[in-house]
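One chain, subunit A, links the two complexes that follow: it is found with subunit B in the first and with subunit C in the second.
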Partner chain A sequence: MHILIYGIINSIALSLISLGFALVYSISRVPNFAHGALYVTTGYIVWLLINKLTGFPYPLAILVGIGITGIIGALIYRLVLIRIRGMEISEIIATYAIGVAILEGLRWGGLRGMTFTLPVFIPGSVDIFGVVVDYQRLVVVILGAATFLFLYFFIHHTRIGLALRGIAQDERAAMMLGIDSDMTAILSLGIGSALAGFSSLLLLPLGNIIVEAGYSVLIFAVAVCITGGLGSLMGTIVASFLIGFAQILTDKFLSTHYQMVVALLAIILTLIIKPSGLFGKQKELEERV
Partner chain B sequence: MEQLRKERVDRSLKVRTEGLYAISSIEEILYLIGPRLLFVAGILLLPLIFEAAPYWKRVVNVMCAYALVAISFDFLSNFVGLVCLGGALFTGVGGYFTAIYNRYFSFPIYLSIPLATLSGALFCTLVLLPALPLRGVYFAIITLMYPLLFSRIIEALNVLGGTNGITGIESFPDPYIEHYAIILPMLFFLFATRRFVNEDIGLVFRGVKDNDQAVRASGINVTLIKVYAVFIASLMGCFSGAYIAHMYMWAGLSLFALDFSVIPIASTVIGGGGTLIGPVIGSFILVPLSEILRAAGTLRIVIYCVVLTLFIILKSEGLMIYLQRKYHQFERWVKV
Partner chain C sequence: MEGKGYEANLEERSPMLEAKELLVFYENMIALNNVSIKCEKGEIVGVFGSNSAGKSTLMYTLSGIILDIKFKEEMRGGERISVFGKILFNGCEISSMKPHERARLGIILCPERRRIFPESSVLENLLIGAFLSRKERKENLDYVLNLFPRLKDHLKRQGGFLSGGEQQMLAIGRALMANPKLLLLDEPLLGLSPYYQEIVINGITQIRETKKIGIIVTEQYARPLMPIIDYGYILENGSSVLSGTKEELMDNPDVKSAYFGV
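Take a look at the complex of A and B:
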């Protein structure tokens, strides 16, 4: 029972982490290696707001934090990526460099040690089938599920969402129909970064805000996205359940240290067996020589 | 209004040196050999120049070690099209292998470094093999993950000295041997790679980068070609890692640190990708800079990344290509 409940919680947390990365890659084909950095940044911004400005309400701080991260993401595209679009090497290096710059900058700016924590939304815990689960984890599950539904509705039934999907499926045809490719890419990076921020605010109250989280979040996101198939949102969710349960099982039977090993093994095994992932939409020929 | 545009014309000297006329007079010969000779002599004389400043003599070694990793990055990314975000994988593996040979099997230093270079390169090639048949971002992702994975595994299993690392590795017997043990291989690898990419197989490498389907259609096994390339690149990286481990007499988790991944990339971008000498120049700029900024802690990585991003978006050709252009061509304003 413990495994089941914590497995579900862990899986939803993983999929929250990776949704932003998957969304950005599926729409604009940019592997946003600054994803982990944005995750940590949001946490830090909110921490600053509620600790340095006395009386700043927590819910408002959350909204501001997510908003700022979204804007940072959009700016990364508008200022940097727009100039190097389509040059794969440069895209990877630039986003990676931005991510590392943000993370190490935060570390230099004083984000060290265990003193940075965010308050949980609802304190306390509850007993579910004999397993103690704190409310924050329940919030993660509920809001996570709500996010999936919202995203599904958003990309299937709104004008902007349809435009995003159009660009993702066939950029040229979408451009002929008057959809601005750069604008949607800016939007997708903004939304993706905001999602990273959102997930960080849900998950960071469970632990400390540390710089290393930025790197591990990036790895988890990449692991989930590759296993699920780059560019497939459905695959992202399924894969996060696979990896999430695998992690909880190793945690239970081996040791916590191996969580990262599980994620990396997932990447390597997927790449060997089926590089397009579980639900990958890309053709085999496009990615394997 | 009169409009002007900038015209670039090859220098007549350059045109003359392209063919057999290159050896027609001393001027042409100097034009060709001069810069290369200056470069090689400058690097060979570096330890003597820094004789006065003992601290900076160590920096010369570090500079050359980073330059070697940078050459391997440049070779992989600009000649084979494999973006390797984890130079730290190579240095870490090389460093740990040499530490194992030297400490656990007590091989002498002149045996442990070459052995570590070879076996480390073999090991790196094997672990990178799964990502090699794939195109796109997969190789970059996997190389980014491996250094992290290995440092986590060493930390978790507490093997190979755990977080303390392996200490007491044999050092170089003499400071001059220490200098030239990295300078000479660096020059060797630099010119060997330059020669190598201009051989027939270099053409295939570039074919893999530009159009792998065409290479495949020619009946060449693309994955095998990539395996060769990764092996050569990891030779350089592992040698550099093994050297650093012997220089500091210590192999620890910091050999898998981000510095070894970021600085070579930054120096390649700044020095000019695809020139192979560019990365060397880039790391000769960046590593001393990093020593000056040592007091600033992780801020130096921030500075690197910002400089790197600015170079990518504003001056993506890099210093070396800029210099080459100035050397070979002159510019003048002409009426449109």
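Take a look at the complex of A and C:
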């Protein structure tokens, strides 16, 4: 029972972490390696707001934090990526460099030495089938599921969402229909970064804000996306559950610090067995002449 | 005689689309050599030529996609593409506009090989096409489904699983959803069986009659489209070697032998 409940929680947490990365990649084909840095940044911004400005309300700080992160993401595209669009290696190098710069900048700017924690949304815990689960973890599950549903609705049923889907599948064909590809890419990076921020604010109250989290979050996100198939949101969620449960199992039977090994092993196994990932783009959908 | 009157008419008014002396180079290879083309509202203009004659390049140049290709090639350090010439749309110079800006003016390209969104359903493909025409979405959808009733049966199917002919109908329908004023059709008959060719050709004629928009259509093989065009151009190695009304082209012995196989 413990494995089942914590497996679900861990899986949803993982998919929240990865969703932003997957979304950006699936829409604009930009691997946003600054994802982990944005994750930590949001946490630190909110921490600064509620600790340095006395009386700043926590909910408002959350909104401001997510908003700022979204804008940072959009700016990364507008200022840097727009010039190297379509060159994957350059995109990886540039976003990774930005990510490292942000993370080490944060370390230099004060994120070190002491323990930084965010308060949980609702204190306390509850007993589910004999397993103690704190409310924050339940919030993660509920808001996580709500985020999936919201994103699904947004992408399939709104004008902007449909435009994003068009660009994701065939950039030029979408351009011919009047969709601005740079605008959608800015939007996707904004949304993806905001999602990174959102997930960080849900998950960071469970632990500390540390710079290293930026690197591990990035590795988790990449592991999930590669296993699920880059560019597939469905694959991201399925892979989160696979890796999420695998991590909880190793945690239970081996030791906690094998979690990272699980993620890396998932990358290696996927690349050996099925490089396109579980739900990677299939050949059968290629154009017919 | 009918042809003459028509030509005189073209000279007087300024046409909806007028491209003057288009020159496009891929590195040192010339893809379009001084091509000028006009299209009037309510008119179907045919552009014929074999592979590598420059038909697609012409379509990309008119719709602005060439600028995107050029930009990406430059970024990558690949081929150097140069584009010269003037494109006037309703009297406005548009040759430096981006593709989506031109689409907003009403120039919609239905590309070669259709480029359907493979993972989206037929309905979703059409709705993505309606990005620029939110208000008239319902109306346009009815129009498209009326024009190509076959699409009605497959609304929920993934675009990538349609047959070639259905994909072509979908591609034209998707372009129509964007409320085009000038519809560019790049090889709409490519790889289609005669049965589907006829459906597509009938569709094009119907669009002209009901929507009164300008249509430029390219094709390798002139015969199936000849009956419906008003004016035609023949491209060879990037140059427009011949142009004229339907009758003029049909009477020309060179055209007869090269494009009709007579």
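FYI, the second predicted complex is superposed on the first by the 279 of 289 C-alpha atoms of A that agree within 3 Å, B and C clash if a C-alpha of one lies under 4 Å from a C-alpha of the other, contacts with A are read in each partner's own complex, and residues count from 1 in each chain.
In this text, a contact is a pair of C-beta atoms (placed from the backbone, for glycine too) under 8 Å apart; a residue touches a chain by one contact, two chains touch by 3 or more.
The structure displayed is predicted, hence computed values, not measured ones.
**Student:** In the superposed arrangement, which partner chain does A:L63 touch: subunit B (first), subunit C (second), both, or neither?
**Tutor:** A:L63 contacts neither subunit B nor subunit C.
**Student:** Output check: A:A101 vs subunit B and subunit C. Expected answer is one of first, second, both, neither. What do you get?
**Tutor:** first
**Student:** Scan A:G178 for contacts with subunit B and subunit C and give back first, second, both or neither.
**Tutor:** The second partner, subunit C, only.
**Student:** Between subunit B and subunit C, point out the one touching more subunit A residues.
**Tutor:** Between subunit B and subunit C, the winner on subunit A residue contacts is B.
**Student:** Classify the contacts of A:H156 with the two partner chains as first (subunit B alone), second (subunit C alone), both, or neither.
**Tutor:** second
**Student:** After superposition on the shared chain, which partner residues are touched by A:I84: those of subunit B (first), subunit C (second), both, or neither?
**Tutor:** both
**Student:** State which residues of subunit A lie in both footprints, the one left by subunit B and the one left by subunit C.
**Tutor:** On subunit A, the residues that contact subunit B in one structure and subunit C in the other are 83-84, 286-289.
**Student:** Mind listing the subunit B positions that touch subunit A in their complex?
**Tutor:** The contact residues of subunit B facing subunit A are 77, 81, 83, 85, 130-131, 133-138, 140-142, 144-146, 148-149, 152-153, 155-156, 212-213, 216, 222-223, 258, 262, 265-266, 269, 296-299, 301-302, 304-306, 308-309, 312-313, 316.
**Student:** For the complex, which residues does subunit A have touching subunit C?
**Tutor:** 83-87, 156, 159, 162-163, 165-166, 169-170, 172-181, 284-289
**Student:** What residues of subunit A sit close enough to touch subunit B in their complex?
**Tutor:** Within the complex, subunit A contacts subunit B at residues 31, 33, 79-80, 83-84, 88-90, 92-94, 96-98, 100-101, 104-105, 107-108, 215, 219, 222, 226, 230, 255, 257-258, 260-261, 264, 267-268, 271-272, 275, 286-289.
**Student:** Give the list of subunit C residues in touch with subunit A in this complex.
**Tutor:** Answer in residue numbers: 63, 65, 68, 72, 75-76, 98-100, 103-104, 108-111, 113-120, 124, 127-129, 131-132, 134, 158, 160-161, 163-164, 167, 174-175, 177-178, 190-191.
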